[in-house]
Amino acid sequence: MVEIESLKKWIELYGEKVTENKEHLNQLDSDIGDGDHGSNLTRGAAAVKEKVSESEYENLSDFFKDIGMTLVSKVGGASGPLYGSAFISMAKQAKESDDLAVLLEAGLDGIQKRGKAEAGEKTMVDEWIPVVEALKENNLTNKVIEDSLQKTKDMKATKGRASYLGDRSIGHIDPGAQSSAYLFESLLEAGVLNG
Amino acid sequence: MVEIESLKKWIELYGEKVTENKEHLNQLDSDIGDGDHGSNLTRGAAAVKEKVSESEYENLSDFFKDIGMTLVSKVGGASGPLYGSAFISMAKQAKESDDLAVLLEAGLDGIQKRGKAEAGEKTMVDEWIPVVEALKENNLTNKVIEDSLQKTKDMKATKGRASYLGDRSIGHIDPGAQSSAYLFESLLEAGVLNG
Amino acid sequence: MGKEIGMLVVSHVNDIANGLSKLLDQVAQDVTIKAIGGTEDGEVGTDYARIQEAMDSFEEDKVWAFYDLGSAKMNLEMAMESSDKEVRLFDTAFIESAYTAASLIQAAVGEDAIVTQLDELKIKE
Amino acid sequence: MGKEIGMLVVSHVNDIANGLSKLLDQVAQDVTIKAIGGTEDGEVGTDYARIQEAMDSFEEDKVWAFYDLGSAKMNLEMAMESSDKEVRLFDTAFIESAYTAASLIQAAVGEDAIVTQLDELKIKE
């Protein structure tokens, strides 16, 4: 069972991380995409921060929904509808469950429904799948997060802008997997799992 | 053998005809294209008039070349490179012949080389082919010109913008065939053939 | 005289969207064409809110949507999920297929015939 | 760091050309991209003189050309006939293939591999 306060902390930390690492995310994206992933998410994080700080939430669902809609509207890149769909899907799931593994699995479903990417296509999905697995087994660690991230390096992109590069996408970490890694690191740091 | 003075008269009359019939050509083009054929050629005709009036020509070739290059540069639509190629091709031919049938046949070759249209594709080519044939046999008449024009009505466009309309292009006169008809009517009126 | 089908063209760049709309207006005076491009602040990207709003603002019940790159498609699909319109999304060459569709809708060609012609321009999954 | 191949994109509309160039610059900072659109006086159409001039002004010997509709192609072909450049003309989906080409030239992918990939986007005769 998760508490709204720790989740707020989670999202706050995530926003800080993408903002601090904006240039790093842009760099990763400029290697295999258009170089805006950090800028996109920083813009999204600022909007989420403003939105969330204005509101009092009585339930998880409303909290997630606000985040999702804000990301969809403000991010501007593919990661907008993708992260947005994750949180909107979590908002729906939160009406039935407050188990974090169940919620994040719904988030992953939302991403896959929107982007149609499977495992191994070098997208954020390759970060989400192992993390959701680990959460289910109650052993999410920074190592799980970091290992999955590194694995995207050898993959060939077949979805998103990086797929235009074909084989040339190999050898680079996927920017969306990196930002998702920040999301899950923040989850550990915020202590949501100790709740 | 043709005289430069009568050819100047020809081109002048042609310019007047497309200018007077600008709206009609635009209307034909708006039925099966983008509605600018009259405006395109009127712009081209004005530029040709200016260019030609500024120059003294010692040979046919230079005269045709100036017309061709001006049309290419000023017309803006497909008819620019097409009429332009006709006159440029005639300019080359004029170095070897001053027989009008031979010259116009070279013009037709220029159009076909540029636009790759064959007979029956509902383009200006369907006006040029019968006219060149008639010239060769020394019997170009207004009837030949008008009959060829009317025949484009039942054709289905398979080249140029009108080809996007598929079957819907049937039942309309081709605008480029109409402007070519003006070109050949002007030829008769200017008395080039009686020279 | 309006047409049954409206057209929504979505690009990552505002100039491309506006320019395309200029190209289409020339051949489809009676077709409602809405063009959305770029992010809210004029950057390269797509803007869900404006796409959603444009989609819902058609008088026509049927809306045909065209896009340049994949993330525009995701936004269009999100918008479709919450729209009352009967939206059809084309995975076809952006400029060329929008031009073809506009010409044919203007010429009142039947829907099925247009779709068949557009199928030849399919280049996205 | 420049690239061996320059890109020339030609549209019937100035805004489309400029917008496309903005989209491409984002993924291909080191590729020379020249965009020409519309007629001399800003109308819908193509302008031979500017196309010719742009083609000849590349520092690169190789120029890859992309266009939206057929009459742009005719102007490009005329320009090619009097140009010293080694120009390659692509009958592919305009925006999508220019985007693909720009990404791959930037990534220094070999010419043949790029052409193979672009072939899949061929939609014009």
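The chains carry the letters A, B, C and D, assigned in the order they are written, with residues numbered from 1 in each.
Note that in this section contacts are C-beta pairs under 8 Å (C-beta built on N, C-alpha and C of every residue); 3 or more make two chains touch, one makes a residue touch a chain.
Bear in mind the structure is a predicted one, so any value in this text is a computation, not a measurement.
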Subject >> Third chains touching both subunit D and subunit A >> reply: C
Original post:
Counting only C-beta pairs in contact, which pair of chains has the most of them?
Top reply: C-D
**OP:** Please compute the C-alpha centroid of subunit A, do the same for subunit B, then give the distance between them in whole Å.
**Re:** 62
Subject >> Computed distance of Cα centres, subunit D from subunit B, in Å >> reply: 30
Subject >> Centroid distance [mean C-alpha coordinates] between subunit C and subunit B, Å >> reply: 37
Original post:
For subunit A, which residues are shared contacts with two or more other chains?
Top reply: 34, 36, 161
Original post:
subunit D: which residues touch two or more other chains?
Top reply: 26, 44, 69, 99
Subject >> Interchain contacts, given as pairs of chains that touch >> reply: A-C, A-D, B-C, B-D, C-D
**OP:** Give every residue of subunit D touching subunit A within the complex, in rising order.
**Re:** 26-27, 99-100, 103-104, 107, 109, 113, 117
Original post:
For subunit D, which residues are in contact with subunit C within the complex?
Top reply: 11-20, 22-23, 26, 37, 44, 68-69, 93-96, 99, 120-121, 123-124
Subject >> Parts of subunit A lying in touch with subunit D, wherever the complex brings them together >> reply: 33-36, 161, 164-166, 168
Subject >> Residues of subunit D touching subunit B in the complex >> reply: 39-40, 43-49, 69-71, 74-75, 77-78
Subject >> Partner subunit D, residues of subunit B touching it in the complex >> reply: 34, 36, 40, 72-74, 76-78, 80-82, 84-85, 114-115, 159-161
